[in-house]
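This report concerns only the one structure given below.
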Amino acid sequence: MGLSRAEPTPQVIQSGNEPWIATRLDFLVNWGRANSLWPMPFGTACCAIEFMATAASKYDLARFGMERMSFSPRQADVLICAGRVPFKLAPVLRRIWQQMPQPKWAISMGACASSGGMFDNYAVVQGIDTIIPVDVYVPGCPPRPEGLIYGIMLLQKKVMGERMKDSSIRREMEPDPTSQLYIPPSQIDELSEPFGNSVHQTRSGL
Amino acid sequence: MATTKRTVDVQLSTSGVDAQGRPQRTPLVTDQSGNLLTMEAPPAIEPDLQADHMLINIGPQHPATHGVLRLVLELDGETVVRCIPHVGYLHCGFEKIGEYRQYNQIIPWTDREDYLNSPGNNVAFALGAERLFGIAITERCTVLRVMTCELSRIMSHLVWLGTTCIDIGAFTPFLWAFYQREAIYKLLEDWVGARLTVTTTRVGGMAADVPDGWVDQLRHFTKTFPKTLAEIDKVVTRNGIWVGRTIGLGVMSADEAVNYGLTGPMLRASGVAYDVRKDFPYLDYETYDFDVPVGTNGDVYDRYLVRMEEMRQSIRILEQAIARFPDGPVNTDDHRVVLPPKSKATSDMESMIHHFKQVMEGPRPPIGECYVAVESPKGEKGYYMVSDGTSKPVRWRIRPPSFVNLSAIPKMVEGHLLSDVIAINASIDIVMGEIDR
Amino acid sequence: MTQRASFTPVVAGSASSESPATPKAPARRGGPPNPSADALRQRFGAAVRRVDVVWGETTVIVDGARLGEIAAWLHDDPAQRYDLLADVTAVEFRDSELPLEVVWHIRSLPFRRFLRLKVLLEKGRPLEVPSVWATWKSADWLERECYDMFGIRFAGHPDLRRILMWEQYKEGYPLRKDFPLRGRFSRSEQLRQALAANPEARYSMDELSIAQAFEDLPDDMRQRLSTGEKTGE
């Protein structure tokens, strides 16, 4: 799958030292990427319908170069996770993310994808950022098409700010049990206990 | 529907041997001068009896499965031998959470489960809760709920239409259908503020009364929408590709359909005239003049025709509802369930107590249970609620029409081709949110 | 919508002469019962434990052992003809002394009737009821879901396995009252268990028999299957 081991420190780019031609090249590449982000709509629930409405004629996504929905992850740039993700679907989402080639970005659309939303129960993943790295979170239940478009424009801004010299942003890390970053679940539970890792059933009586 | 077939005869002028050297046509035996002598039968191509069946997995992420449905197919060439559907990829514990929420707090949950029919689900749940509480709703609320249900039916059928057209290959009706949906979204947004997950009802009434001019906007919609529907009809209904791809597919006979628990357009297309609005009416549907389309063949084409006609009938009901829309309060004045006006709560002790009890604890129905079914665009949608006297139900059960309809898919796709599986799946009109809850 | 002349559609209510109306203000208890309740009492005697009418709906509590017979009779008898099984579900009360109720909602389309059948299962004994799949095919997935959510076994069901949760789901039966809302495991443990699945290898042995797909599985899956673990969904 071509994933390398984790390098903890990203390279620090000194902005004063870049040659002018590199900045122009960066601009060109980023402009091309930002204005032709082919979305992979990982649409599960209600947000998927609002995503479809955003792609339809009133809130046209084609003006962002995103009308070509790529349902195959191999040809997609941005994964838009629209809708709630239950635990049964979690490995599928991760596999889809792994199948997407770099450069890739992820938009978490809606409250359920960002944090589990109103589904704080046994079945739903409390935020897809526990499974895949997310670039933009779009709140809403479901977010209005204008909200999703704002999220896409934020992503475009992020893409425009990338530098080809900084390869760390394109590096992927597999959750590697032997690496120092991996914390076993029991330790996570201990660490997050004061923050209420939502396993405490008695909180707020709900 | 008469479709014309053209048969074209082709005279083969080449040797009649294909690229692999196997004879393709009846070889013509000619003598040196080119005169036909005899016609020999081509040697039989031995069928590959050892060919395995193929295991194909569709989903759970796939554009054409209308959500996260996984179909495991056993194919013999391109023909489906067996289909094993897997659901549960969108199971989010609705029924469990319903046991931890008050009745008015459950209504936003009903939006998310069948998210194409949000307003209709809200109405269905409110009807069930009102039955459980034993309260009656006002006249205005009844008519407004009928309007809500029918708008919801049109909304849902438009998504079905758009996505089915995309599955079978036509992209433009999707854009037309969603443009009409935007008109309905505008209506809902002007009324309750949300587009898709609307939470229009409350126990005992509605979230809010309609603003001024809303009814005129709705009337305008009932005049413009049939034109778009007619346009889509013109482009799709007698289209050779559409007809060729949908006729004779996924046939369920009337007996099978009833035994498999199918309801809604799936059942009616198979020739069973069962519509909850006609047979077990609610919201005074028996006083409205409308027809229920019933198909004859039970195939995908009939389901399409039934749903198209249902949209026209919904417009008919909407027009009647607009004509009879009475004035008056939209919420009942039973303050055990509906909050009294806030202005009174600061001066009147009883109102303050009602406010306090309803906000802190929630309205409490008497001990009992009820099952209320409505005709959702997918079929018979039932909410079964059991109360033990507390403000949160003991059990909130959603009877999901798509779940039961989908269970018949192994029966429907057997013997069809792979591309037909997509068309049949589209014709069931599934919503995974409702199936998996 | 034109109907072709050669086909007569099956009309609900064909055996009933009254025209249906929206029920107005049904009494909470003691309304007129569904005539099938009396017919059941006459036919099955002591197997019919109790008949209740709550909010206009008739509930018949029957003996679990004879449920298969009762279902078949309700379906086949020409005066009953309950041809549509709308729902199969279960109810567990918060009071742990009360038994678990398994509920069937059936409709007679020709007679336009609705009936609720219940079987009470005492806690502490195995939760088993007969399956009605032989009578109504719609029971297939409905009973699977009831098993998945409550752990009730339906004897005679052709393929009783989990449907909404994955087959190796270890936390329990979600809709039971002793199952907490957020599950028994911590969030990180739930996520770890969910992500441990290999989506490419989620096939049951039955599905793997197609195309001899067993050989194409990853090694770890083959090992787990050969030790008898079920990996289907």
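Order as written gives the chain letters A, B and C; numbering starts at 1 within each chain.
In this text, contacts are C-beta pairs under 8 Å (C-beta built on N, C-alpha and C of every residue); 3 or more make two chains touch, one makes a residue touch a chain.
Only a predicted model underlies this, so the values are computations on that prediction, with no experimental measurement involved.
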Selected pair, greater C-beta contact count between A-C and B-C: B-C
Most distant chain from chain B, judged by the mean position of its C-alpha atoms: A
Whole-Å gap between the CA centroids of chain A and chain B: 31
Cα-centroid distance, chain B relative to chain C, in whole angstrom: 22
Inter-centroid spacing, chain C versus chain A (mean Cα positions, whole Å): 39
For chain A, residues contacting two or more additional chains: 88, 92, 121-123, 206
Per-residue overlap in chain C, given as positions that touch at least 2 other chains: 165-166, 174, 179, 181, 233
Shared-contact residues (touching 2 or more other chains) in chain B: 88, 91, 93, 96-97, 100, 436
Residues on chain C engaged by chain A in the complex (per definition of touch): 165-166, 171, 174, 179-183, 185-200, 233
Complex interface listing, chain A residues touching chain C: 87-88, 90-92, 94-95, 120-123, 125-126, 130-131, 185, 188-189, 192, 197-199, 201, 206
Residues of chain B touching chain C in the complex: 52-55, 57, 70, 72, 74, 82, 84, 86-88, 91, 93, 95-97, 100, 131-132, 134, 136, 254, 256, 258-263, 271-275, 278-286, 291, 293-296, 305-306, 309, 366, 368-371, 373, 380, 382, 384, 386, 388, 390, 394-395, 397, 399, 403-404, 406-408, 436-437
Complex interface listing, chain B residues touching chain A: 60-63, 67-68, 88-93, 96-97, 100, 108-109, 111-112, 115-116, 159, 162, 174-175, 178-179, 181-182, 185, 195-197, 432-433, 436
Interfacial residue positions of chain A with respect to chain B in the complex: 41-46, 48-50, 52-53, 56-58, 69, 71, 83-84, 86, 88-89, 92, 96, 118-119, 121-124, 141-142, 144, 206
